[in-house]
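Here it is, the structure, as structure tokens.
Should a chain be cited, it is by its letter among A, B, C, D, E and F, assigned in written order, with residues numbered from 1 in that chain.
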Amino acid sequence: MATVKILSDADAEANPAVKAVFDDIRATRKTDFINNFWRGLANDPVTLKRTWEGLKAVMTGDTALSPVMQEMIYIAVSTANGCNYCIHSHTASARAKGMTDAEYSELLALIGLAAQTNHLVTAMQLPVDPAFLVEG
Amino acid sequence: MATVKILSDADAEANPAVKAVFDDIRATRKTDFINNFWRGLANDPVTLKRTWEGLKAVMTGDTALSPVMQEMIYIAVSTANGCNYCIHSHTASARAKGMTDAEYSELLALIGLAAQTNHLVTAMQLPVDPAFLVEG
Amino acid sequence: MATVKILSDADAEANPAVKAVFDDIRATRKTDFINNFWRGLANDPVTLKRTWEGLKAVMTGDTALSPVMQEMIYIAVSTANGCNYCIHSHTASARAKGMTDAEYSELLALIGLAAQTNHLVTAMQLPVDPAFLVEG
Amino acid sequence: MATVKILSDADAEANPAVKAVFDDIRATRKTDFINNFWRGLANDPVTLKRTWEGLKAVMTGDTALSPVMQEMIYIAVSTANGCNYCIHSHTASARAKGMTDAEYSELLALIGLAAQTNHLVTAMQLPVDPAFLVEG
Amino acid sequence: MATVKILSDADAEANPAVKAVFDDIRATRKTDFINNFWRGLANDPVTLKRTWEGLKAVMTGDTALSPVMQEMIYIAVSTANGCNYCIHSHTASARAKGMTDAEYSELLALIGLAAQTNHLVTAMQLPVDPAFLVEG
Amino acid sequence: MATVKILSDADAEANPAVKAVFDDIRATRKTDFINNFWRGLANDPVTLKRTWEGLKAVMTGDTALSPVMQEMIYIAVSTANGCNYCIHSHTASARAKGMTDAEYSELLALIGLAAQTNHLVTAMQLPVDPAFLVEG
């Protein structure tokens, strides 16, 4: 069980601020489905709206990265941060947006490899090579 | 200072197992540069070889993801894991492989967004929606 | 299932070292309830006692921070560390000690915000401003 | 060195979108000081603005938690996430907003205690007590 | 449910690359049991083989550390990284390899202590003592 | 620079509670050296004493694990938690207590391997095998 109430559609309808965000999520994602993340966040309509607006700004419209690539980055961060819900949610999303099995296998292999080298580097406390100390 | 010796080229030349891997890194990456990660790992030539072979298998040849995308995933995991050296190393690598400023800005925004939603989800202890409980 | 035995009250009664700590927890917290953390830790009565004494020293008596504030800090650390049990336990505790819905909403928003800026900062590898390099 | 350019005041003045945010930070915080976080984030004026607006919404105005308490929660999350810059920045901020030495000592003790119990719980894989499975 | 298919023995038999690795795991571990980690990883036979070969190289044969000690290190890392499956798996393995209750209690106490001092150190942003800045 | 004052020997001498702990550290460790961790923690003599007593209880006397093994576990947790100071401190300590190069190489290889499998498991969201669901 969650630490917050998971708002039902009826709960959402009763709160104009929540209803407005749920309506926008449905319109933007072209689906009737509102997942538990939004339903839990909806206990605080201000944070719900701000978080949705942020996600919409980054993940829709004319993006530099493809939708599949965006979801893959999301899976990578969520895995390192150990967020089980997020891993399920974004893996489903990545597949829905067209991620192939080959891309997914490679993502997993990369995540495992990065975790391994991250830990080896940290244990060795390596100094950054001067060649890498160049800003954008 | 590192917790291990950073092997110089002379050190590497004196150890055939290390020299073999450094030669392969140079040939594969088409550069003379060997970074501190390999030089630190080289204290254990067996782990050096295994790690290099693993990285080469995943990150070279006919990959499902582009080299830039691979580096971006590496940056994402390294950031969540807080590996400073890795962040410098792979950001430099991503730029060298053609990551644009727009792609990089979007990567940063995604990493920040994912971290935020990861923590919100974890704090709320949300149950995974049945719709997401579908394997590949 | 846990990796350790969850000691029942009967188990505790049979071990004087454990019984002494359980009695003190009950007396200090003015409740008969002993949660699974103490029941699991009780497999090692020495660590059980030391951990309880540490927690008692920090979280009871004449504290600088209010009980609710202490629990909110506990929730914050437990969320970043991804400890599901701890999040449930300390959220329940915070509410029992008087945390309001408004305070909880703000705590969640802060945790999400901090996670976001933590990751953005780490990805950018920012140097600490000299103005911040001042000890207490 | 950062992975991004740290924008100077001159850089900011030259970009209206950045200037607008820097002006608002200065007006809101009643200080001329703009730290490296904003100067690094300013490479992407859209993310800069969204992040600042989010932080302003949560941390200013009529908040449920005091400014000092908010900074203490920020320190707690940043410590668990290992963000060195953030720890320096928010510890300085907490002190500037009135955090006492006694409050800070207690914060440190709580963070250490929480980390300890987080890890013990995780290692023991404890099931959540039914008594804790109650939403708000 | 996993994000990948958990391969059954029949699935494995149908794929020579997977069968070869499963046969080797069984022969090396002298048991018929193949756990869910290998069954999930088997969706990508190349990563399956590479991961198994790496684990076999480090954890079998003439090792510097005893099998029990190796598993204890694995539990320690898995706990800090919050991998629930791994904690269950390696705790079972450590016990099967002879870890005593006294050793396990001490491991738990050490993990808790290390987490505590890790967080205290990080919050205090301590400079490394010159005496520690000595490589191997 | 630290966020706290690093107490000098003169500072310690002036505070009986601190002096008592520093004297005990010196007597127990049979060295005059007091590292920055204790010097930073000493700003809060109560936490200093409790932390030292805890560490002394776990890491000295008749322990189930050897001193070198204890330090290796400490390095493992500190690496996963990304505590740079702790990694330097405990690696130096492990070597001082007799950790060989072969043991250290194996420790690094294990840490890297564990991180890799931790992340792969988490990404795959594997269910725990019933065979592992057995308490002590």
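Basically, a contact is a pair of C-beta atoms (placed from the backbone, for glycine too) under 8 Å apart; a residue touches a chain by one contact, two chains touch by 3 or more.
For clarity, every value in this text was computed on a predicted model and none was experimentally measured.
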Going by the contact rule set out at the top, which chains touch both subunit A and subunit C? B, D, E, F
Looking at CA centres, what chain is most distant from subunit A? F
Self-contact between copies subunit D and subunit E, residue sets same or different by half: same
Could you let me know which interface, A-F or E-F, is made of more C-beta pairs in contact? E-F
Between subunit D and subunit F, how many degrees of rotation does a Cα superposition need? Round to steps of 5. 120
Report the chain whose mean Cα position is at the greatest distance from that of subunit D. E
So the centre of each chain is just the mean of its C-alpha atoms; given that, what is the distance between subunit C and subunit F in Å? 21
Where the centres are mean C-alpha positions, what is the separation of subunit C from subunit E, in Å? 28
Can you pull out the residues of subunit D that are in contact with at least two other chains? 1-4, 6, 43, 51, 54, 77, 79-84, 87-88, 91, 101, 105, 107-109, 111-120, 122-125, 133-134, 136
May I ask you to sort the chain touch graph into line, ring, star, complete or other? complete
In the complex formed with subunit B, which residues of subunit E make contact? 1-6, 43, 46, 50, 54, 57, 133-136
Write out the stretch or stretches of subunit D touching subunit F in their complex. 82, 87-88, 91, 101, 105, 108-109, 112, 119
Subunit B contact footprint on subunit C (complex, rising order): 75, 79-80, 82, 84, 87-88, 107-108, 111-120, 122-125
Subunit C to subunit D touching residues, read off their complex: 1-4, 6, 33, 35-37, 40-41, 51, 54-55, 58-59, 63-65, 69-70, 72-74, 76-86, 88-89, 91-92, 95, 100-107, 109-111, 113-129, 131-134, 136
For the complex, which residues does subunit B have touching subunit F? 3, 43-44, 47, 51, 77, 81-83
